[in-house]
């Protein structure tokens, strides 16, 4: 199980790094911008979570390999990658949304946070790297737009499932899979059928 | 006294949450944006203060009720609230500016910070949630504009009064009231008579 | 050596504070904006580093004199300074880039961070105050633009030199001078000959 999680983590981080670097290219940034946007997209949410929970030094300071992978992938993507469509990144991105949300929630639980804060930490971990990326690209966060397909909402619902399972003494591996799986499938469903939140 | 402070805190947080949600609606965000902007407006300043001072886990991680109130108010405001004018929020917002500034300053004092840093922490706590809100809305912070009525300045002066009172061994409740009261009244005065800072 | 470093630190902080205040004036901000931009330009990078490494309370909370200098310089620059050209700030800015990068890297080393993270902390400390400044001014970070002369890159290369020297048991003062000196000279060279990174 731990090995699967590790592989999925690197798949998700890679997807974030690549999408970040491509986004930077779109905004006519140089490689400094591209590596920064890649890092922020991949690690921004987890960084906020670690800071809020007081888990310092934060996670990517203690795991150098994450930085190396992100750095190298950003470099390659920026100079040489030619994706026919960014749709290819939807699946690995949804994997990341799923596992990072539930992982973030589990860290909040570890310090005894309440359910609402646990869920918020899950959503921040999974979805807010993209908010920081958009800030650095000087545009309104895509996550907040009315026409964006459900993203934070999938994370919100999936982490609630994870929290409720944990309360119900469900085995922690099963709780993780149920939570992260719901997020993953719900996100792909939302993209496929263009599901958005109701406007006011 | 503690009960009054608690009531005032919730009044102020509510005002921030509502104004944040309405601001999000103005920028055509969805409810994810609205709740985020509400949180950032209400808790952004205090979050920065806690991070800078090393007070982690930060305050809203340890108090779930604040999050619940903000979340619910943002939801209601975003979908159903129809304020004839945002002027109605000026008074509760000024209450928040007053009490959060002095509260933030008192936390800095607790760790033995110098006067200048104490005052800066007061101003950050009271006034910088709005800066983060404006960043997320992709606009130049209103706090920094030349035509904005005194806001951070009220906080700056009131926290200095609080610091000086504390140095002069004034009773802490009275010091709090003098500081927060000055900020509150000065802010309302500045709005009423459109007092701004001199341009260069 | 310590005294020289102290003098250079204040020269660099002063340059950041002045350039921040002038930038604020260009964006028609008031003095609240000017002091904030000055602080963010001067202390933003080091603040991020301290937060990521868990060094709290962060450095400018514990050293009030830095805040006083920044505050006073921002005030004077904003209202009265009339620089014929911002070129005058290039040399002190390059001094700051050099010493803050290597200083930031040395803090990361102290907590046993890996080489890649050490270098990243150096670059963040030296170069990312400007990124936060640009965010607050609501523009795409200059650091990321393709036409910007090498900036983060100088910091990146100089901190690698510092790291390699330290690995090679070079005397720490000499390692510092080699790292910071390289950054300083490389930055001035890049400005003089308009050296930029290759576009994709």
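Note that the chains are named A, B and C in the order they appear, and that numbering of residues resets to 1 at the start of each chain.
The rule we apply is simple: a contact is a pair of C-beta atoms (placed from the backbone, for glycine too) under 8 Å apart; a residue touches a chain by one contact, two chains touch by 3 or more.
What you are looking at is a predicted structure, and each value in this text was computed from that prediction instead of being measured.
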item: Chain-level touch network, classified as line, ring, star, complete or other; value: complete
item: Angular offset of subunit B relative to subunit C [C-alpha, multiple of 5 degrees]; value: 120
item: Distance from the mean Cα position of subunit C to that of subunit A, given in whole angstrom; value: 30
item: Shared-contact residues (touching 2 or more other chains) in subunit B; value: 51, 56, 135, 138
item: Subunit A to subunit C touching residues, read off their complex; value: 24-25, 27-33, 36-37, 47, 51, 56-58, 60-62, 64, 67-68, 71, 78-80, 135-138
item: Of all residues in subunit B, those that touch subunit C in their complex; value: 51-54, 56, 108, 111, 113-117, 120-121, 131, 135, 138-141, 143-146, 148, 151-153, 196-200
